[in-house]
Amino acid sequence: MTAFIFRRALLSIPTLIFISFISFVIIQLPPGDFVTAYAAQLRQSGEYLSAAQEAMLREQFGLNDPMLVQYWRWITNIVFRGDFGFSLEWNAPVSTLIWDRLGLTLAISSLSLVFTWLIAIPVGVYSATRQYSFFDHLFTIFGFLGKGTPDFLLALVLMWIGFAYLHIDVGGLFSPQYQNAPWSLDKVINLLTHLWIPLVVLATGGAAGLIRVMRANMLDELGKPYVETAYAQGLSERQVVWNYPVRVALNPFISTVGWSLPALFSGDVITAVVLNLPTTGPLLLKALQTQDMYLAGSFILILSVFTVIGTLVSDILLAWFDPRIRYA
Amino acid sequence: MTDQALPAPAAADAAKENLYTARPWQLVWRRFRKHVLAVVSLWFLIILALSALFAEFVAPYDPFKFERLRTLAPPTAIHIFHEGRFVGPFVYGLERERDADTARVTFTEDRETVLPIQFLYRGHSYSFFGLFQSDLHLFGVDDRREQVNLLGTDNLGRDVFSRLMHGARVTLSAGLVGVIFAFVLGLALGSISGYFGGWIDGAIQRLMEFIRSIPTIPLWMGLAAALPIAWDPIIVYVIITLILALIGWTHLARVVRGQFFAIRNEDYVLAARLAGASEYRIITRHMLPAMTSYIIAALTLAVPEMILGETALSFLGLGLRPPVVSWGVLLQDAQNLRSISLAPWLLSPGVAVVLTVLAFNFLGDGLRDAADPYGQ
Amino acid sequence: MLDRANMPAMDDDTLISVRNLKKYFPIHAGWLRRQIGEVRAIDDVSLDIRKGETFGLVGESGSGKSTVARLMLRAYTLTDGSILFRRGSGEVVDISRLSERQMREMRREMQMIFQDPYSSLNPRMNLLELVGEPLVIHGVGSRGEIRDRVAELLRVVGLRPEFILRYPHAFSGGQRQRIGIARALALNPSFIAADEAVSALDVSVAAQNINLLQDLQEQFGLTYLFITHDLGMVEHIANRIGVMYLGRLMEIADTKALFSKPLHPYTEALMGSVPQPDPRGNRTRKRIKITGEIANPANPPTGCTFHPRCPYAQERCRTEVPALRPVAGRQVRCHFAEDLNLSGVAA
Amino acid sequence: MDTKAPMPAERLLDLEDVHVHFPMREGLVKAVNGVTYHVDKGEVLGIVGESGSGKSITARAIMRLLPRNAQAAGGRIRLRPRTGEEFELSALERNSRAVRQVRGNHIGMIFQEPMTALSPVHTIGDQICRTIQLHMGLDKRAARARAADLLARVRMPRPQQMLDNYPHQLSGGMRQRAMIALAISCNPSLLIADEPTTALDVTTEAQILDLLRELQAESGMAIVFITHNFGVVADIADRVAVMYLGRIVETASVDDIFYAPKHPYTRALLNSIPRLGVDQGRRLPTIPGMVPDPFSVPAGCAFNPRCTHAVAGVCDVETPPQRQFANGQSARCHFADTFAEAAHA
Amino acid sequence: MLAEQVAAGALPPVEERLPANPTVVNAMEVGSYGGTWNRAYNGPGDRWGPTKLMEERVLKWSPGEDGAAQLVPGYIESYEVNADSTEFTFTLLEGLKWSDGEPVTTEDVRFWYEDIFLNPEIVATIDPTFAPGGEPLTVEIADERTFTVKFAQPYVYFLQILAKDSTGEPSLDRPSFIFPKHYLSQFNNKYASEDELKAAAARFSVESWKNLWGSQGAATSWWTNPELPVITAWKIETPPPAEVVTMVRNPYYYAVDQEGNQLPYIDRIEHRLFQDPETLNLMVAQGQIDMQDRHVGLNNFTFYRENEARGNYHVVQQIGATTWSLVPNLNVEDEVLRGLFETREFRQALSIGIDRELVNELAYSGLAEARQASPITGSPYFDEELEQHWTEYDPDLANELLDGVGLTETDSAGYRLRPDGQRLAIVVEANDPVHSDTLELLADNFADMGIEMLVRIIDRTQWDNNRTNNTFQMQWLPFDRLSVVPADPRRMMGWDGFANQYFVWYNTDGESGMEPPADHGIRAIFDLWDEASQAASVAEADEAVNQIIRNVVEAGWVIGVVGEEPTPFIVSNNFHNVRAGLVMDDVHRGVGLAEPQQMWIAQ
């Protein structure tokens, strides 16, 4: 097992190096650099940078160096000093910016992930054990509806419903009065009244697919002889289903844990933008739009690294969870 | 002696013989037909595709034509009885008024003007893909000023239904192009990976892992900004779609590879080899046909992803942009509270997206279920 | 290694001669996946099959009998050894040295029948395409001729020619097996390897198909390599039998001789294990039953690979690898073949 | 037959006219079409038949483990285990408490494919312990001890260690032993073994058969042994029932079946089996034709189109009744008496 | 809020905090203290939203009785300009204090002048606005409160420039002339050792001490550094990046209302972060915004109006000082296109071929005004004739004119062919999908003239870059600064618009950019500005400026479409003293003209 993990980790290293380089290239793709973006932004509010000032800024930020030199400076700082650089846009170290928002992001993402699972697994199991029943069809249709509705549209419509019909505060995670208030029961309740929309939006999108996966897996597993064996031991249907086939059918879910790692980190960008969630996703989007090089680059790098790690984690978890692979 | 094994000639059981000699796709079709939702979806998509293809004919109005006196008109109510008298489907004229205070435009029905809906109506002329000129439309009302707007109009007085039909053409074809490109790549690399295995497989797997770890949104944003501005937005979009397909193929490749691994070990493949079949023949005659239905199902399920991708990118301002008419672009118009509160009919492209995605999903589901006629 | 000078010349009546056939798979392990050893799936198998005979190959699953057949047909690449084959033209070819392309031509003369009548027929092809495929591949005849030939073949194997457009799913297991036989016959091969050809079939159907195979052998002068784990079946159909254990041949003998008096303890044990449809006989018959299970080929026992399960094993068996050697006109791989008095099943 | 008759004292299991139907696209399949048999305490009943004869379905009907689309279309199944209570299984709900109490507890079952019949993600020990805890109310530790004990009883090497192994770590024979341990874990009165040796090598098969015989001798449980292999039946069974197309065509003691079969099907089948040391090179007698497909079972005697003794106007019209013979043998053939005399002659 | 702090002894009483003669800001009505002003901001780049609420200058624009903007003294007691506008003398308020209570003196002016303005490490190049004729301004300190700014040549528009740009880099968003020496000297290389500077840079986690300076400098930017002493009405409390950026009132603010109450009335301002404009609209409709000027657009006008009751607010309309225009690039690299753009008849055709009323009606809900790009109503440079120049919709004449310039050949699709045989197509770039409706209408108008308009909505950054890099053909641009034109005349001179390269040539004395042809009208514009900037009197200068405007508008270099559109302010019903009908121009410092320090919230 350790050999397996070690080998997989070793194989990821070249991928990571390549990925870091690609991350750097992606943010260099658009014409112009941070200074032009910065100048444009100043111009928007009636401030102008002269050519000389622009040149000075470029010199200051080392934007005139060859790309490889810039890359090398960037990556060595990250690897050897844990220094992700400085966000020119926010005037703050990248790590602080990301760190600030990571807590809530992780909370919302994992909550929605758990929520998704709490929906998907029982519904998938139900649909499989009662294949072609009324509720199976109903869940199927709802699942596809959830899958077929663009997230931003759903978020917008839910927001509208909350606003126009339920007359509740929507958008963000807190009403203004609780925004900076210390944690209290009221604040938690306020959070919950805001949280349902993002949870519903994120969960419908994710659950739909997982329900299908779970259902299909369960149908496969339910037909296998060991299920019959379990029944033949006198176990009740509930005991049989939840102890045996569900346990096997969950394997693909376990591999999605790893895959969700980058998503946990970035949250769902679009939903977060629409719902004004204080997560890292909108920060990423903004960083890309303003070509905030170090912030955007760090984001892409972290996302990519998380993807690679996620794959690794999935493989390991799967191996660990499924004895057939573990002892293979 | 061997004649022993001959079954007694069955009583002319045509149905059964039919089943026995049916081509594989016929069996797929038979199983598919049992899937009511999938069949309905198929029809829906066929009608949609035809409408998109013949958008000029189906759409009563020019999707780019402004009507200054019909901005944000709600969907036209279609009546049948006028003052208790049967007239057949008709619409009333509209009277427009702008609220000086809130600048809202309101419409009231002018109960005097009765405009019967005409089918195969001669309206504005158009050129069908540059092939021929025509002015024939599926329906319309014969009036210089009044219109029938099934889904209302937008803030420039353009007919939303007509735009929806034209948008379908762009959205569906752009989605297909991307999917097909991803499909070609995925099929090629997946089958190479699955057929040869060994270090080639290892290399391709590594490549896939690498490609999958590139985050999409940043890449898209970078590309969108990097392409020359004077290029036609549709071409830019298609190019970006193609480049994204360079990433999107991994999913299909994994499916194909898995299938190849499974089928490679089937005895009938070995049998073909022992019959002296070349690798090309084995792949094309034995392995691929076994996968076609899976692949078609996978494709069917990939198209809605592309459609949703288009709308999401439009939302981020990275996809198609006006004046191109696509569903994403139309939805962009509607994705604000202003539209939801003042002109909810502008959300109809959203409904179209949901229905289409739904239909593709049902179709894909049906195909997947029917894919293996020899499954049970 | 094969010693060319000592290679026995192939007798005129020998169709196929296998010498020192080996198939090893590397084993990788550890952090760097270095090769740490090999699985000797087939080790040093030599056998001759005479024209027109049926050579039976028996053994437990995992003994490598199927692998031998597939190696002989070059379905797999072999690690070492030679396979001499006498073509219809009389020319003797070492097919172990042919390229895949050259081999394609040879495939007209050597064919295979598979165990699983379900997975061995492409469900997406009808009988015309299935049975006609070898004809198409080798460019034999026009479309019409192929159709006629397929109809003829179907008739030969006892299927109605009017079913030519049916797909395999329309047929029962036994019939499918016949389709497989028809396909194997399509190019008039001289040699057919039947890999557990009737094992998956019900008794009554298996009997029909066995009879068919015997009829076809007579009719077309076929030579069979008949692989099975069913001793009753192999005794019934084979002229000579090879007994395999853990990738090695343990004993080769004429059927009658083998069954009446096995020379290898494994052969005896195998026979003793077979339950007979004869309750009284079962009760009275002395049955040597084998203990334990076949060893892992990646980690075979030292000395005689059979010694851990052998009731007659002695110290020498643990250390010394016995050679396949001629004993009383047969070949046996046992140190004590001459000393043991083993019991067979002869009536 | 008197359906109200109480079960004789020695009776363990009694099936009366059991029917199981499957509605299919092509028509109604009567997979089990009036099966009647019984098992006495401590005896081994072999059930032989070719694939599609309904032998496994009947076994599942006893366990109330039929697939969801199956229709239990009649008949009565009664069980009186060692404990003395009597269950009318056919009257119980599919997954009812009473049925679950019978399953695993009074009746153990072994399946053909030991690889797939055990959960791949649970250890052998877990799977056995679960059953023990369920039916015997033992705590975890006691259950584990018993499980180890059971593994030892099925001659599993290193039973303690084996408890923590997963099925895929074991060889086929070992898996089947584990499966047997699971089936007998609660001292059932009846063991239903559905083709337990078909997937195994002859050498292993012989070991498993020996094991079952020993276990049966030790515990006195009865076994219903389902197989298509006459050799196996001859080896293990006390009595044999032969099935063809959803019906029992003949029941008799094992010797009578093999040496004095009264149904043409049994005779033909026995003839078509090559026997060691007997049939060398001889052409095998076969049964003409094929088993008809289950949608078009012939009228009258289902076997009549393939029967060399069929008499037109009788066999293809009338369903033959069950003929009972003094020695306990019974056969569903219009002319069973004729063969009886022929055999004894 | 402050009374409590005074009572607690944390703060001296108000008399001690105010200057001796505080500046009086006339409140619309005398308000009451307290409250938190909720508004929204959309990211760190939005610092101008909060900044413009409270910018301080020596002279500020203030709405007069009639609403017309006029210059009034800010934190100075008085100012004097000599006869030929070469010397400007300012006297700081007596007792003016920084927000930490330290007095503001001419030492702070000296610090600014000597250690910042003339410090090449901090200000690398001095903006031409502060060096007319290439000679930078000089400062003379008279006494503790008085100082004089001198120029080598007359500079009549200096006060307007001060009111707009303050004293330029690095202090655009800070008061003119004064920098808090007692705080900032620790970051200045003239006062601090290299090690101290390094430590300071590390403390603010920037790479070099120079990054502490500049308009976004970590130490000198009020927006990010809560420690920085300011004289503005509010000071930052929670800087970005934060979900809510907060500002609290400055207890030492120098101004009072007409009754002598210290301003501002409002205690705190909280700016909530939003990403998507819809979120802001939702906040508005939900009544979570007290007053918002930025990011509320005309396109949502109806939505805002219809939700007034729901959100308990009303919409106050101001006037935008822009004209949305099609700006052709006279420097475009495509020779043929440049030739056409330089053809007067061609420009006229484009202008009169546009149905401005239609655009106004459909895309601006009829709320804007169809007009040419020219000074807006209420501006001293307004001219009705210029406003209507070439705005009469006459497609027939437009086509005639185009035929007249030789564009008579057409292709199969009906588009005119350029002299080189290509289809006459013009790429028009805009930076926001909001404009796509307008541009589709314009494209339709162009099509009627046989010209294909290829509309491209591109990213803002790219859109700006294209002007800087001279890689655009035509842009859809808000032609702004149309009220007090001489405060920033560069728009009219082609800068960052219709002839950026010519302007660069002019601005760099021919070092870079493109030289305009000898007979090009833009040369006259440059000459006129030279005249205006050296004029000794305002009248003389204004004459030249008016001539510039007339020349530019009549040449039709910019094709104005609609402008003077109402700029909505969202004002909560308990939020008071928001004037209506003000001209919102960057020159006036936008919302600053409405004097937020005198706004108050009913408690």
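Order of writing sets the chain letters: A, B, C, D and E. Residues in each chain are counted from 1.
Simple rule for what comes next: a residue touches a chain if its C-beta (ideal position, glycine included) is under 8 Å from a C-beta of that chain, and two chains touch if they have at least 3 such contacts.
As the structure is a prediction and not an experimental result, all values here were calculated from the model.
Participant: So which chain is farthest from chain D, going by the mean of the CA atoms in each chain?
Facilitator: E
Participant: Could you name the chain whose Cα mean is nearest to the mean of all protein Cα atoms here?
Facilitator: Of the chains present, the most centrally placed is A.
Participant: Consider the two chain pairs C-D and B-E; indicate the one with the greater count of contacting C-beta pairs.
Facilitator: Output for the comparison: C-D.
Participant: Averaged over CA atoms, how far is the centre of chain B from the centre of chain C? Could you give it in whole Å?
Facilitator: 54
Participant: Could you give the separation in Å between the centres of chain C and chain E, each centre being the mean of its C-alpha atoms?
Facilitator: Each chain's C-alpha centroid was found; their separation is 92 Å.
Participant: Quick check: what residues of chain E touch more than one other chain, meaning two or more?
Facilitator: 278, 282, 285, 459, 462 - these are the residues of chain E that touch more than one other chain.
Participant: Which chain C residues touch at least two other chains?
Facilitator: 174-175, 208, 211
Participant: Where does chain D touch two or more other chains at once, residue-wise?
Facilitator: 286, 290, in rising order.
Participant: Using the touch rule from the top, collect the residues of chain B that touch chain E in their complex.
Facilitator: 64, 66, 68, 71, 98, 101-104, 155-157, 224-225, 229-230, 233, 317, 321-323, 332, 335-338, 341-342
Participant: Any idea which chain D residues touch chain C in the complex?
Facilitator: Spelled out, the residues of chain D in touch with chain C are 50-51, 171, 173-174, 201-207, 209-210, 228-237, 254-255, 258-259, 268-270, 272-287, 290-291, 293.
Participant: Give every residue of chain C touching chain B within the complex, in rising order.
Facilitator: Contact set of chain C toward chain B: 70, 73, 75, 104-105, 107-108, 111-112, 114-116, 119-124, 126, 133-134, 137-138, 156-160, 163, 165-167, 169-170, 174-175, 178, 180, 183, 186, 208, 211-212, 215.
Participant: Per the contact definition, I'd like the list of chain A residues that touch chain E in the complex.
Facilitator: Interface residues on the chain A side: 30-32, 36-37, 39-47, 50-53, 56, 60, 86, 89-93, 97, 100, 156, 159, 163, 169-172, 175-176, 179-180, 272-276, 278, 282, 285-286, 289-291.
Participant: Could you list, by residue number, the parts of chain C that touch chain D in their complex?
Facilitator: It is residues 60-61, 172-175, 202-208, 210-211, 214, 229, 231-233, 235-237, 255-256, 259-260, 269-280, 282, 287, 289-291, 293-294, 344-347 of chain C that touch chain D.
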